[in-house]
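So, here's a batch of structures to check.
Two complexes come next, and they have one chain in common, chain A, joined by chain B in the first and chain C in the second.
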Partner chain A sequence: MIPYIIRRIIHLIPTFIGATLLAFIISQLVPGDFLNAMRLSPDVRPETIARLEQSFGLDRPWYTQYFLWMGSLLKFDLGQSFGGNQPVSAVITKPILNSLILVVISLIMLYAIAIPLGVFSAVRQYSFADQVISAISYFGLAIPNFFFAQVLILCIFLFRGFTREYFDHNQLLLPVAQMTSSNYNELSSLAKFKDILWHALMPAFVVATSGIAGLTRILRGQMIEQLSSDYIRTARSKGLDERKINYKHALRIAIIPFVATIGALLPGLIGGAGLVEIVVSWPGITPTLLQALTAQDIYVVLGFLVISTLLLMLGNLISDLLLAVVDPRIRYN
Partner chain B sequence: MAKSEKLLDVRGLKTYFDTDEGTVKAVDGVSFHIDKGETLAVVGESGSGKSVTSLSIMRLIPTPPGRIAGGEMLFNGQDLVKKTEREMRQIRGNDISMIFQEPMTSLNPVYTVGDQIAEAIVLHQGKSQKQAMKMAAEMLELVGIPEPAKRVRNYPHQMSGGMRQRVMIAMALSCGPQLLIADEPTTALDVTIQAQILELMKKLQNEIGMSILFITHDLGVVAEIADRVVVMYAGRAVEEGNVVPIFTKPKMPYTMGLLNSVPRVDKAAVHQERLEAIPGNVPNPLYLPEGCAFHPRCKFAVDQCKVAIPDLVDSGNGHMVRCIRWDEIQTKQAVVA
Partner chain C sequence: MRKVLLGIAVLALISVGLAQPFVWPNAWIADSEGVQMGGTFRDYEVSEVRTFNPFVTAESTGVSNLAFQGASLLTRGPDSDEWLPYAAKSFTISDDGLVVDVVLRDGLVWSDGTPITVQDYFFTYQAETDADVGSNSYDSWFIGEDQITLEITGDNSLRFTFPKSDRTALGVVALTPWPDHVLGEIYRSGAAEALIAAWGTEANLAEFVGSGPFIPSEYRAGERVLFVKNPTYGQWNVDEAGNALPYMDGYNFAVVESADAALNLYLAGEIDSFSPRNLDDIGVINVAVQNGDIAATVLENISPVASSQFITFNWNKASNPFLQTTFRNVDFRRAMSYLTDREAMVDLVYGGSASPAYSSVYAVMDYWINPDVAKYDYDPEAAAALLRDIGFTSKNSDGILVDAEGNALKFILATNAGNSQREQIAQIFADSAREIGVDVEVQPIEFSVLVDQLLSEGDDRPYDAILIGLTGGNRDYPFGSNVIPCGTNLHMFNTSGSCIAVEEQLMTKLYYQGRQSLDTPTARDIGFQIQKVEAELQPIVYTVSPAAHYSWLNSVGGAHPDGLINSIVGSREIPLTYLKQ
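Moving on to the complex of A and B:
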């Protein structure tokens, strides 16, 4: 196992170089650069622009810029942000952590909701409840999450209108924007944690919706297939109860393909938090990334890409290792 | 030997499946009994209802679409049809256990064989996991698996088909059942392994003293292991009796056909005979022929066979046969010989 892991990590190096090169080339395909706006402004003198070009390295050919950037990457330095005149790492760390909060909570929701639903649907195949779950699943798959977020915000406000009218209760059920309350800085650390969690509930659920819907559907299919297999008949003939048969025997195997995709969810869900972050003003990756893209602050964009690439590669490795843990038929040598 | 005590008495069992096209009477009024310590073979082609019979005894018929529509199954005098699911769970794997045709897929691939054997022991005998694992190793030794202490930690895919069937037997016998139902346990195995598994089952039956209900389509296996035989056709028993009379003097034309379709070293060498196949196929269970279900394929069929389903009658010494012409045919056969 250990030699396998080492070999896999060594294989990651060329993958990483290829991915970063490709990302860098694509970033250069966009016409113009960060200084466009300044060049057009009559207030900025050409000497200033030349000085800035030199200090940002924009006057050199793209491949020189690439090697300089790669050189600094080897020193774990993601480069400088043009806009804030600070290191890229300082710009992107906080948004990444903020997005991660959202992603982790939505991942927990994803599995906590989808697994029982999928098993239930499979066990009660074609029952009324199964059909209701199927219908809601298709709805969840079909609705874009930025729109679903707005629908939920509307619902939360409508609910407040209802409680104000009949119960004289003027509080929102859940916060609909931002990551923290206005009095956040005065809170104790436990209360701060709770505050963020409270704010994350709605957007995290929105981010998880399509995943829940998809996983429920696929898990249902997997479970139905497993429940009709011979080893389930053996388990029944042993006298096991249905709960043990469903969860210990069938689910244990039905879940294997999902374990294989857990790693791929890691970078995917950060991207997936996407537009929801903008709808609820969550200070995550997407707003920062969009801002950097419009300003052509390329090293910030590349910084996010590098982190995503690393997460993707790490996620795939973790997936493969987990697969060997859950499926004894797979052994790596 | 006091062999007359009935362990299982199945009376008029009917297991039906409700499908979109109509009700399939997979088992339609089957009666037989198994004495303590006895081996009963149920023989028939695919679709004759023999596997459904065995699953009915375990009450493992998927419902819906299947259901037990009638009859009783007295196990130690208690009717299994009337048991609740909870009561059945205490019987399954404990008093009655079962092994299946496909050893390759009948074990869960992600648990060790030890875990899977221990599961039943923990469930029925209330042992701790550790004790159960020790007993599982003992069971593996009993079924002739070398290095049992090491093998308990193996996964099914690390074993051959014959080994896995031994594991299934170990699992089935782990709680000392009174009845072992074996549903074509040797069909998927190589011939040499088949013989080993049959030997093993006979040996264990002598040691443990259980009864065996052996489901098969393989008459060679029946001769090897059974005390008595029930021949099934289209959901009904058509002939029943001790193994020697059934093999030497079959009375139902279907049984004769089955026996003639088995290659025999002695016969072929002496008479250079061709193997005789039974013409036609098993009838569609939705559209069974009128009268005797076998008449379209029977070379002795007369018009009267199409009128009514013949009764299962005693032709002497408890040799039961479901054919209106058994007496005539027997005389005719005797003349030919």
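Moving on to the complex of A and C:
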């Protein structure tokens, strides 16, 4: 096992270099650079642009820029953002943590909702409830997250109109934007925690919905397969409790394919929650990355890329190892 | 002891009495009657806050404008472009325009209570002109290769010396100081490197010392920036009734990732003002007001925005001599201007909330706009006649105009993909052109590719025609230094490096002439001539300017009077804004 892990880690090095080199080349293929916006200004002096090009190193050939960047990367320095004289690590840390909050909450929601639903659907196969769950699942699978978030925001506003008319209560049910309330600083730590949770509820649910659909469907299929197998019939004939059969025997086997995907969750955790973050103004990875992409602040973009490449490689390794733990047929030598 | 204290108190009173604060005129706000104190304004900011260091900042956002506002020597009111003495008690410009002498107002104070002196201005000048600091203002201290200098000429007087007379350089006299006793110390002990490292977003904002109405007190990345009232600002800033400014106790920005999210916050009643981008936003706000969700004022179509949108034809196309000759022909460009159905663009693209544009000067700068220039309003027959005159006399089997050599009149009009308004404007132009037999293919392309093509230089550039816009510029002389003169990088139709048409030469000459003149009416007369030549040459065909809109909750007071609100001066002065409780 240990030599296998070491071998895998050694293999990661060329992969990592290849990935970053490719990303760097692609970022250089895009026409223009960070100073483009400035070049389109009627009154910025050409001297200003020349001075900034030099200080950002944009006047050097791309391979020189790459080696300089790689050199600093080996010292665990992700480089400097062009905007505001900040190190890239400072620019990307906060968004990564903020996205993590949203993604973790949505993952909890995802498993808490999808696993019972999947089991239920399998046990009550073809019942009316199963069909309703299927229909809702397909709906969740089909609707784009950013659109669903907007629909929910609209519902929250409509609900306010409704409650005002009938209950004389002019408050929004849930916050529609941002991660904290405006009085966040005056709150106690517990209230701060609750405040963020309160703001995360709607976007996290939106992110979870697309996953719920897929997970429920796959788990249902797996469970149905297990429930019709011989060992379940044996267990039933021994007179075992139905709940024990479902959760202790069938589910444990049915869940194995999901373990293999846990490794893929790791980069997903910092991949951010996607466009939902923009719709509800969650200060996460997606808005920061998009801003960096449009401004061509390349080292910020590459910073995110380095982190997610590392996590992807690590995640793959972990899920391979986990698979060996849960499935006795797999051995690494 | 008591007598001494009393003496000090009396002295203090006398000195306060002697110090003449800057009086903010009642005429700058619409409702000076109902002024109230206190409260916190809740604004929003769509872009990320990058720094609180005045020597590092490179952008103009709501947050940076407030954080870096302060005891600038000069200022401008919403009612005029003329410079007023602000932190200066007075200023005089020598007859040759080369020397500006400034006398400092008495009683100027930093937010930490330290008096503001000429040394603070001098340190700021030193830091801004230090190439290693790399301040965004660095280049504004130069005219060509020569530097504008600042010297201390007395306890409270400063002298700016200009290498030559230049009205666009006068802005440097409006120097905003930074504290010598804080940043100056850092600069002297750790040089440029230490100065740049100070006051970043990670820094402790308790160290921030400024001279503006509000001082940043807390920053949460991607969430909000909080400002508190500068307690010393009111010592030298008062309203006509003698009230110390600012009226409010705080000013907060919610940092949002998109204007849509800001609109949602506004509809939820969580921010106090919102700038509607278009009629859709206004519709949504109006519905919310009707439903009683929020009580808000909506100002629609207040003024054109401070930006331009135009079609530029490429004069440098050596690889296609036919198109190059055509694009260089003034009658062709006039015909294209005739084909620009600006009214249709206003109605169809902007639902009526836009205005036709005819000049490189933004329509909102009405003082500088020459009303008597050739306009070439939509007239397809006149366009067809002009094209006939330059040899496009017959049509081919596709109905496209051809010249005697059989060259069909067709070209590609590129614009940035994803900007649906520009795509529509380009399509309206192409449709009108097609009607008289000019084949215009609209090609939306990626913005960075488009900019790359636009900024390309030399005799053979990659595009035919581009529809794009410019924004930014100068209130002292609204003619782009990178746009009008030949050989500059935004002289978009011809970047060969030298003038091709004699009119270009004339415009270049007039541009520098007007820029030299410190007398505003003279500069405007020259500006009028530039516009006249420009209109006749039509090197660039201007299309339409969308309108700016404003909205704020009715609990907010202190907006400019209606006639003074426009996209350059905005809707209010922050020190004069108040909240009704």
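Here is the rule we go by: the second predicted complex is superposed on the first by the 317 of 333 C-alpha atoms of A that agree within 3 Å, B and C clash if a C-alpha of one lies under 4 Å from a C-alpha of the other, contacts with A are read in each partner's own complex, and residues count from 1 in each chain.
Convention: a residue touches a chain if its C-beta (ideal position, glycine included) is under 8 Å from a C-beta of that chain, and two chains touch if they have at least 3 such contacts.
Being a predicted model, the structure only gives us computed values, none of them experimental.
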- Check the residue A:230 against both partner chains and state whether it touches chain B (first), chain C (second), both, or neither. first
- Message: If we overlay the two complexes on their shared chain A, which of chain B and chain C does A:240 touch? Say first, second, both or neither.
- Response: first
- Task: For A:64, decide between first (touching chain B), second (touching chain C), both and neither.
- Result: neither
- Query: On chain A, which partner's contacts cover more residues, chain B's or chain C's?
  - Reply: C
- Quick one: classify A:15 as touching chain B (first), chain C (second), both or neither. neither
- Task: State whether A:253 touches chain B only (first), chain C only (second), both chains, or neither.
- Result: first
- Message: Just to be sure I read the superposition right, which of the two partners does A:127 touch: chain B = first, chain C = second, or both, or neither?
- Response: neither
- What residues on chain A does chain C touch that chain B touches too? none
- Which bits of chain C are touching chain A when the two form their complex? 42, 47-48, 50-51, 53, 56-59, 131, 134, 136, 138-139, 142, 168, 196, 200-202, 218, 220-224, 226, 252, 254-258, 260-262, 264-265, 267-268, 270, 291-293, 448-449, 451-452, 455, 470-474, 480-483, 488-490
- Per the touch rule, the chain A residues reaching chain B in their complex are 229-231, 233-241, 249, 252-253, 256, 326-329
- Using the touch rule from the top, collect the residues of chain B that touch chain A in their complex. 58, 60, 88-94, 97-98, 100, 102, 105-112, 119-120, 123-124, 155, 157, 168, 171-172
- Which residues, counting only chain A, touch chain C once they are in their complex? 30-32, 36, 39-48, 51-52, 55, 83-86, 90, 94-95, 98, 153, 157, 160-161, 164, 170, 172, 175-180, 182, 184-185, 277-284, 287-288, 291, 296
